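Before anything else, here is the set of structures, which you'll find just below.
Two complexes are shown next, each including subunit A; its partner changes from subunit B in the first to subunit C in the second.
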Partner chain A sequence: MTTAPDSGLNLLEVRDLKGGYNEVQILWGIELEVKSGEILAIVGSNGVGKTTFLRMLSGVLPCQSGTITFEGEALDGIGPDGVVARGISHVPEGRRLFASMSVEENLLMGAYVRNLTDQELSVDLDRVYGFFPQLAERRGQLAGSMSGGEQQMCAIGRGLMARPKLLLIDELSLGLAPRLVEELCGFVKQINEEGVAIILVEQDVLTAFELASRAYVFESGRVVMAGSTDELLENPEVKNAYLGI
Partner chain B sequence: MFKPWSKIQWFLMGMGVFALILMPSFSENDVIRKWMDILMIAILATSWNFIGGLTGYPSFAPAAFFGLGAYITAILMNAGFNFFLTLAIGSAFGGVIALLLGIPILRLRGHYFAIATFGVAEFFREMADNLRITGGGDGINLPQIIGGPDYFTRFFYFSMLGVAVLAFLVQYFVTRHRLGYGLVAIRENEDAAAMTGIDTTKYKIIAFVLSSVFPAMAGGVYAYRAAFLEPIDVFDILFSIKAIVMTMLGGVGTVMGPLVGSFLMEYLADYLWSAFTEFHSMLLGIIIVLSVLFLPRGLMHLFQELRLKGWRSLGAILRNNIQRFRV
Partner chain C sequence: MIYIQILINSILLGGIYACIAVGFSLVWGVMNILNILHGTFLMLGGYITFWLFKLYGVDPFLSLPISAIVMFAAGYAIQRGLINKIVRAPMFMSLILTFGLQMIVVRLAIYFFTGDFRTVQPSYASFSISFYGLIIPFIRVAIFSLGVILTGLLFWFMAKTRTGRAIRATRMDLDSAQLMGVNIGNIYAITYGLGAAVAATAGSLVSVGFAISPVSDLEFLSKAFIICTIGGLGNISGALAGGLILGLVENFGALYLGPGLQNAVGYVVLILVLFIRPTGLLGRKGFE
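== the complex of A and B ==
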């Protein structure tokens, strides 16, 4: 995706976001924007607050201070269900499927807040099966009994069933074989081409930069660098710290 | 996960209930009493299944709400209220108390939640022991039911049967409704459930309320039948433990599991008691340990697996289950 800088309205704006778990503050004033239709990567090593940031976006974790604005409206105190209803859905780290439910039931859970008729649901299911034909073959199988890659597809599919405008994907590549990661990247691109903006949190910087047009680098709960992925790839600090070149 | 029942399943269930309705017409009072106890345990087990089985929150609160319902019926009947009205008031009151208690304790997870619910039963027992309105440790008398033993045995039996059928139907519809899926999602992964937009706190409270109203009703029936209540009798933690054990043996998170578990275990316990009077408790203990080892998810899950894989795989399934313990 190519988006000219500062063109149009930001889909998501995060200003001076602080927060963490009880007394342990993890995020120290995050500033970030997402433009509609783009893929944005957040990279950084373990424990810098990437997952915490996503959890605060999706409302699972309350913020201490700062503002999150989505489509011009604040996302304060509306809870995770409110956030999903507004159009942000979260594909959590480690998939977290509902293991004793079938693939299709997991997908249906993704549409839980939308209260659709069976007909509308089957339209949305077909859309997800269109992205992931493997899931269609396994729709009746228990989600917990699938391979890691299929589980990741199911988790993304579950996220899509909420018809999000912004999809948060936490660690797309975690624990998966390179060939599978490549395949999943293809799916993510396809989803993005349908107009869904994506925030991709990744430890695998190369994979993330390949997909995303812009990226933020997190360090100790702060944004230390931001810019287009092409620029960042040339940055000596990034090369040194994250690409091992 | 939960498929709607077929006509055959409903027919069989209907036959079962019909048999339970006809049974008192040609049975002795002691058989009817036995079945009344089974139904009572089945109510407690079915109720526990809402919070413990479907939602995955191990509650020890059934005894608390059983006792609460029993005392409400006792107090209100002494004030001249109609028996059935006291059941309705008792269960409504139990539901409200569960709602108020659920707000703080459902923030806890796992063992901490279990301990907190354990505390609830103890707290209620202490209250009943010390309040004037409950008669304190001396207990409380209820008005005697008018009529002979044949009449009142049947009266209480049918009251218990009514509550059991109600509890079962509510459970059936909850599990086939989106609410049930929401509860199971919480059990499987509470974080992911929240991320799909389920208001987890609200759902857990609903499950806790549902798991409290029916024990309160059963407690009311128990109270009128016993005609005399002592705190230690009705706030007995054994009620909670039985509810849990029966559900675990029958099949956690299935609608039939709590019923099957209650029927089988109560009959088994009875049989062992009459056949091996000296060491029936030990035998029952051994059977419970063995079934936990071989059937960790209960009988209903075994049936489901057998239906999927065929009866020949019985040995393989049991071996598989036991192997999980070989580290």
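== the complex of A and C ==
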């Protein structure tokens, strides 16, 4: 299935990752790698374990076995705060903003582990407002009162405030109108062009494949296909199961 | 004139009531813990001030920071070592745990401090300002002002600091806060420590104007409970409003019904508020 890793180039390497919730095992030996600077897509139907996988990367869900290596060092036992500090930030499914905080306070929460001075913070805030000018206009507004698209921008901006090397985005397009999805995809590309690698988990396979150079297909907690998105788009199984062609 | 005097007394009392309640509200709002130890922290703060004054002649107002620091450390340790282990369990568990701890601490306090009522009597205890027939005791004004300043400090801390923001974030979405790298166990312990510190400082203030004993803790606890429920649980302005209302109700209750029923009036108002507005007058969900 997956090709042997050409080590050195990989930002993230996941080997034989198993785990789940209490007694229920969800992931059955995930093998996956992310190369520096790439956009990688993970696709699959509902409930196959995509979110579970991201939560294990972030350290909020413990793994049963297997290894996660980031920039050549194991991520074991460093906790979610350690993972963020090492340069992985997570834009969760459903955005999960702090609804009764302002947009700016949400962004500040993204930089929580970095413990910056006010001056350093304002540099990073300006960077995020540079990506998302709409957020700048709404910096004082309560995050919960914004539209879905703006909330997704805020969630991504909050993730960027940690200055990640790898950004995990769970369901970028969920519940958003096509025009907004297109706009958000533009932002994701822009962020990637600044050197941030991205794992994009998506229901919408076409959107994901358009952005990503490589993709993994999950099925019941396993990787069943992996490869470049161009190849996968031609694959009859993928066409049949995920593109409805 | 008597009404104005009672109004002034009520406001002065309300300020200290707010400060008695606000830590209880914080702990309940953020962690959903019904903290029976709250009154105990007040009582201990009062004794810290009393003993420092009695044994070393430390001015009661100078011992406030000592109360705060000592009880912050104690609160932090209790949450980190004990309550964090059961904080995901139903609220009933935290009630039993803090109730058990409360009984131990109060028994120890009776053993070491005796059950006698104590009060701190600095040399300036009897100063007062009087004009147009109104009497305003200096100590009450000082306690009121410091109580309001303390409540304001907590408000500022929650609104403006990185840690305060993390506490609010944890309250709003624990999972999401964790993804931001917030260490939940630590934030809970800080929250509980803050609740204990504010309570202890309030207790120190109370020990100057009022008499305390080891069993005063239950009276403090029930006041905090009434105030938070009247004002609305989990926000600082609710504690201020609730404190002022209770101050007014108790003082005017004493005027019309006699001092014997003064405390009962608070409960009547509590029940009325619960009927009319179960979330409390300024209540919202969660500590914001």
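As a convention for this text, the second predicted complex is superposed on the first by the 237 of 245 C-alpha atoms of A that agree within 3 Å, B and C clash if a C-alpha of one lies under 4 Å from a C-alpha of the other, contacts with A are read in each partner's own complex, and residues count from 1 in each chain.
The rule we apply is simple: a contact is a pair of C-beta atoms (placed from the backbone, for glycine too) under 8 Å apart; a residue touches a chain by one contact, two chains touch by 3 or more.
The model shown is predicted, which means the values in this text are computed figures rather than measured ones.
K.L.:
Following the superposition defined at the top, how do subunit B and subunit C come out on subunit A, clash or fit?
P.N.:
clash
K.L.:
Per the contact definition in the header, classify A:74: touching subunit B only (first), subunit C only (second), both, or neither.
P.N.:
neither
K.L.:
Name the contact category of A:97: first (subunit B only), second (subunit C only), both, or neither.
P.N.:
A:97 contacts both subunit B and subunit C.
K.L.:
A:85 in the overlay: touching subunit B, subunit C, both, or neither? Say first, second, both or neither.
P.N.:
In the superposed model, A:85 contacts both subunit B and subunit C.
K.L.:
Touching A:9, do we find subunit B (first), subunit C (second), both, or neither?
P.N.:
A:9 sits against neither subunit B nor subunit C.
K.L.:
Both subunit B and subunit C contact which residues of subunit A?
P.N.:
Common to the two interfaces on subunit A: residues 58, 60, 79-81, 83-85, 89-90, 92, 96-101, 105, 108-110, 112-113, 158, 162.
K.L.:
Using the touch definition up top, name the residues of subunit B that touch subunit A in the complex.
P.N.:
The touching residues are 1, 178, 181-182, 184-185, 188-189, 191-199.
K.L.:
Note which residues of subunit A are touching subunit B in the complex, please.
P.N.:
Listed in rising order, the residues of subunit A that touch subunit B are 58, 60, 79-81, 83-85, 89-90, 92, 96-102, 105, 108-110, 112-113, 158, 162.
K.L.:
Going by the contact rule at the top, pick out the subunit A residues touching subunit C in the complex.
P.N.:
Against subunit C, the touching part of subunit A is residues 58, 60, 79-85, 89-90, 92, 96-101, 105, 108-110, 112-113, 115, 158, 162.
K.L.:
Okay, in this complex, where on subunit C does subunit A touch?
P.N.:
162, 165-166, 168-169, 172-173, 175-183, 286, 288
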